[in-house]
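There are two complexes below, and they share chain A, which is joined by chain B in the first and by chain C in the second.
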Partner chain A sequence: MDITNEQRGDWQIMTVHGRLDAATAPDFDKSFQTIQDVVPLKVALDLAGLEYISSAGLRSILAAGKKAHASSGKIVFAGLAGMVEEVFRVSGFTAMFEFYSSVDEAVAS
Partner chain B sequence: MESSLIIPAEAERFREACTFVRSCAAECGAPESLLQKLDLVIEELVINIASYAYPEEAGKVEIRCLRETASAAQNGKPDSLFCLCFCDWGVAFNPLQSPRPDMEIDLHRRNIGGLGLHLVLEMADTCAYERRNGMNEFKVCFEI
Partner chain C sequence: MKRTGIAVRLAVLILACSLVILTGIVWYNYVVSRNIIISQDEHTGAGLAQATSARISKVLYAVQKVADSIAYTLEDAEISPKLIDDLGRRVLAGNPEIFGTAIAFEPYSFDPARLYFAPYHYRSQNRIASTNLGSRDYRYFHMDWYQLAKELDKAIWTEPYYDEGGGHALMCTYSVPFYRQVDGKRTFAGVVTADIDLTWLQSMISEVDVYDSGHVFLLSRYGTFISSPNPDLIMNETIFTWAEERGVPELRDVGRAMVQGKSGYRELKDLPGVGDVFLYYMPLPAENWSLAIVFPKDEMLAGVTHLSHTVAIIGLAGFLALAALVIFISGGITRPLRKLTVVANRVASGDLDQKVPEIRTRDEVGELATSFKTMKTSLKEYIANLTTATAERERIESELRIAREIQMGILPKLFPPFPERSEFDVYASIEPAKEVGGDLYDFFFVDDRHFCFLVGDVSGKGVPAAFFMAVTKTLLKVVAERGLDPGPILSKVNADLAAENESCMFVTLFLAIVDIETGETRYANAGHNPPVFLRKGSEPEWVPPLNEPVAGVMEDMEYSTKTMRMEPGDSLFIYTDGVTEAMDGDRNMYSDPRLLELLGTLGAVPAQELVTAVDVSIKAFTGGAEQSDDITMLAMQFHGPLGTNKES
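For the complex of A and B:
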C-alpha cells in the first residue's frame, strides 16, 4: 500500500493505493496521525487506486472519520469502485459518509 | 479435487492462506472476479479464528479448497461451487450466530465489532457451520 498526503486549501488529501488490510492498516493509521491535529480536520480520501479493503481497513477509516467529526470537520471519499465500493456498501458506510467521483468534486463540497 | 493447508492460527498469517487459495482457485477455474472476495473471506476468518477460537493458547487452522459439482451442490442449485473449509480445534464458535453489526447507527456510535463476519456472510453464496469431535468447521461456498 502507498499513501500520499497533500494539502489543498483547507483540505487534507490522502491518496491510497493498493491494499488496505490487517497488515497495512497500521501504516494508514500512522499516515493519518500526521494530519489528525488539524482543526477543523477536513479530509478527502482518494480511493481510486485502492484495490482491496477488509474490516481492518474499515476500522481505520471509521476511527479517522470519528476524529475528523470530533474536530467539527469531516472526511469525504472520492473514486470508490469495484470491490472497495461493494465493501463500503454492505458495511453500511455509504450512509455515514459523503462520496464524490473525484477529489476535485470532493474539495469543492 | 481437494487440497489443504495447515498454518498457525495467527492474524499475521492470513496472506499465506490467500496465496494458497488463489492457486487452488485457478486450478478450479474460478473467475478472476472472485479472487478479491476470496481474499476478504480468508483474511476475516483467519483473524477471527486467531482471536475467538484460540483466545489464550496457540493453535492451528486448516484451510481446504474443494470444487463441488452440480450433483453435490447444496440447495439443488445447478452451478459449480468453489468452497473453502476452515477447521480449527479451539473454543466452539459458530460464526452464523455472532451478532450482526447495527448498520443504522450514526458515525459517533458506530463501532466495527462483528463487521468482519458480516462481510464474510455477504460475500459468500452459502455458509455452513459444524462442531464435531472438538473441531469447528466453517464452510463457505461461491458459485463459479
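For the complex of A and C:
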C-alpha cells in the first residue's frame, strides 16, 4: 500500500493506492495521525487507486471519520470504483459519508 | 589423524635448532683448539728438543773439557804412575758425569819395558776403582777409542760399545790424543779418554718430562739407539731395523733425516705400542748424534678432548635446561588453551554453567579466555531470554487457543439442531483462520413459530475481535428473544455496541426471522454482504442489499426490516466475505460470480449438502494457500409447514 498526504486549502488530501486490509491498516492509521490534530479536520480520501478494502480497512476509515466529526470537520471520499465501491455500499458507508467522483469535486463542495 | 600439539611442535623445533647450533659450537671449538694446541706443541716440541739437546751437550761438553785439559797437561808434565793415579781419582771425584777415565800410552812409550801402560779409573759400587788396561786379550791400542783418535789425530766420540777392558758397562768414550816432546819433536804419546755410562745418560734423559707416555731417544751417527726408554733397543737396534721390524716405513725416512743431521717435525700414524704421535728431532752436532722427542697425540690433545667433553657436557646440560624451559613455557601457553577447549566442548554440548578457567595472562590467550567468558555469559543470557520469551509466547498462544476454543464453543455445533422440526433444515460451518477472527453465526427459536438465524463478521482480528464477537452474539440473542422485528433488533444491538466503542470496531450482520408456518421471512442487514436466495427451480439471486451501515459505530441508527417469502424447497445461503475473498496462491479471489455459478449448479439440495459443496469448491480453488480470514457459511432450507412437508 502507498499513501500520500497533501494539503489543499483547508483540505487534507490522502491518496491511497493498493490494498487496505488488516496488514496495511496500521500504516493508514499512522499516516492519518500526522494530520488528525488539525481543527476543523477536513479530509478528502482519494481511493481511485485502491484495489481492495477489508473490514479492517473499513474500521480505520470509520475511526478517521469519527475523529473528523469530533473536530466539526468531515471526511469525504472520491474516486470509488468497482469492488471497493461495492464494499462501501454494502457496508452502509454510503449512508454515512459523502462521495464524489473526483478530489477536485470533493474539495469544491 | 594424530594431532600434534603446539607445545610439542614448538619444543621440537626450538630444541632441534638448539641441538644443531650446540653441536656446531662444540665441533668448531674442538677443531680450533686442537689446531691451536698442535701449533703450540710444535713450538713446545722444538723447544723441548732444543733444551734437551742443550742439556746433553752441556754434560758432554764438560766431559770433553776434562779430557782435553788432561791431554794438555800431559804434554809437558813430569809423569809418574802416582801422578796419573792422583789425576784419575781427582777427575772422577770432581766430575760425576764421567764414568771412567784412562790415560793410555803408546806401547813401550812410558816404560820401554812395558808393552801396556794404560791406568784406568772408573766407578764401581759407589767407589773409585783403578786398573791397568792391556793384556793379551785386550790390546787396547787396537780398540776404536784408541785407533780413531790416533789415526784421525783429533778428539773423537766413539760409537757406543760394551767395555770389556775395565768398566764392564755400556758406554761411549771421548778420546783425545796427547803428545810429548821426544828429541825435541812433538810426538804422539797416547790417548786420554773419558767415558760416559749410557745408563747414566739414559737416567738423565728420562728426567725430561714429555707427557705421561712421551719419551726422548738418541741415535748415534749410524742410527743406533744410544738412549731410549726401552733398554732392549740400546746398542741392539738401529732406527732402520726397528722401522723394518715394526713395519713403519715413515720411521725410516725420519731415521735417514736424523742420521743426516737434520732437524724437523713429523706426524706418525699408529706407531706400534704408542699410537698416533708427533715426533721432533734435531742433531747434536758435536757428537754426530741426533735427538728425537715423541709426543703421543692422544695425550697432547687430551686437553682439547677434555675441554671438548666439558663443553659438550655443559652444552648438554644447557640443552636439557633449555628443553625443560621450552616444554614448561610452551606448556604454560597451551595449558590454558587445553582447559578452554575442554570447557568450550562442554559449553558446545549445552552445559552453559561450565566455569571458564581463570586465565590471568595478559596475552592473546587471556583475551581469548575473556572473550570466551563474555560469549558464554551472553549466550546464557540470550538463551534465558529466549526461554522466557518462548515460554511467554507459548503462554499467550495457549491462551489465544483457549480463547478461540471458548469463542468457537459459544457457536452452536450440534447438527441437526432441531431433529423434531421438519419444517426447515439449517446447517452452518465456520472455518477459523489461523489468527483469531470475529465471524459468528447463530440460530434459535424466538417463539414456537419464529426461527431466527444470523451471520456476522466483526472487523479486524485478534482478541479484541473475538471479544466483540462474543458480546455481539450475546446481545443479539438477548434482544431477539424479546420478539422484535429484525430491523429494531439490529437498531438496539447497534446502539448497545456503539456506546463506548472508542476503538471503532464494528460488525456486519445479516439477521432473518422465518415464520415456519408460512415461510414469510423478515430480515435486516447491517452492512453485511448480501446472501444468496436459492428459489427452487430458478437461478440463484442476491438478496437485494439495503446499503445500511455496519453495526457498532453510530449509536442512533435505524435499520429497516424487509420481507420476503420462502416456498418449500427454497434456501437462503448466508456467508461472510471470507468465502468470496478466499484467495489462491496468486491472490486471486474466489469472487461473487464464482459462488453464484456454483450455487446455480446445485439445485434444491439440503442445507448441509449446500454448505459442504461450497466448502469443497473453495478448498479446490485456494489449493491449500493459507487462509487469511474466517470462512463462515449458514444455509437454511424451508420445507414448509408440517402438513405440506408430509404430503411432499
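Following the convention adopted for this analysis, the second predicted complex is superposed on the first by the 109 of 109 C-alpha atoms of A that agree within 3 Å, B and C clash if a C-alpha of one lies under 4 Å from a C-alpha of the other, contacts with A are read in each partner's own complex, and residues count from 1 in each chain.
Heads up, the rule we're going with is that a residue touches a chain if its C-beta (ideal position, glycine included) is under 8 Å from a C-beta of that chain, and two chains touch if they have at least 3 such contacts.
The model shown is predicted, which means the values in this text are computed figures rather than measured ones.
J.: Determine, for the superposed arrangement built on chain A, whether chain B and chain C clash or fit.
T.: On the shared chain A, the partners clash.
J.: Based on the superposed arrangement, let me know which partner A:Val90 touches: chain B (first), chain C (second), both, or neither?
T.: both
J.: Please indicate which partner A:Arg59 is in contact with in the superposed arrangement: first for chain B, second for chain C, both, or neither.
T.: After superposing on A, A:Arg59 lies in contact with both chain B and chain C.
J.: Which partner does A:Ala22 contact after superposing on A: first (chain B), second (chain C), both, neither?
T.: A:Ala22 sits against chain B and chain C alike.
J.: Let me test your reading of the model: by the given contact rule, A:Glu51 touches which partner, first (chain B), second (chain C), both or neither?
T.: Once the two structures are laid over each other on A, A:Glu51 reaches chain B alone.
J.: For A:Ala81, select first, second, both or neither according to whether it touches chain B, chain C, the two together, or no partner.
T.: neither
J.: Where on chain A do the contacts with chain B and the contacts with chain C coincide?
T.: Dual-contact residues (chain A): 22, 54-56, 58-59, 62, 66, 90-92, 95-96.
J.: Touching chain B in the complex: which residues of chain A?
T.: It is residues 21-23, 51-52, 54-56, 58-59, 62, 65-66, 69, 82-83, 87, 90-92, 95-97 of chain A that touch chain B.
J.: Considering only the defined contacts, which chain B positions touch chain A in the complex?
T.: For chain B paired with chain A, touching residues are 11-12, 14-15, 36-37, 39-40, 43-44, 47, 101, 103-104, 106-108, 110-112, 115-116, 118-119, 122.
J.: What part of chain C is in contact with chain A in the complex they form?
T.: Where chain C meets chain A, its residues are 457-461, 503-506, 508, 526-530, 545-550, 553-554, 577, 581, 628-629.
J.: Tell me, which parts of chain A touch chain C in their complex?
T.: 22, 25, 54-56, 58-60, 62-63, 66, 89-96
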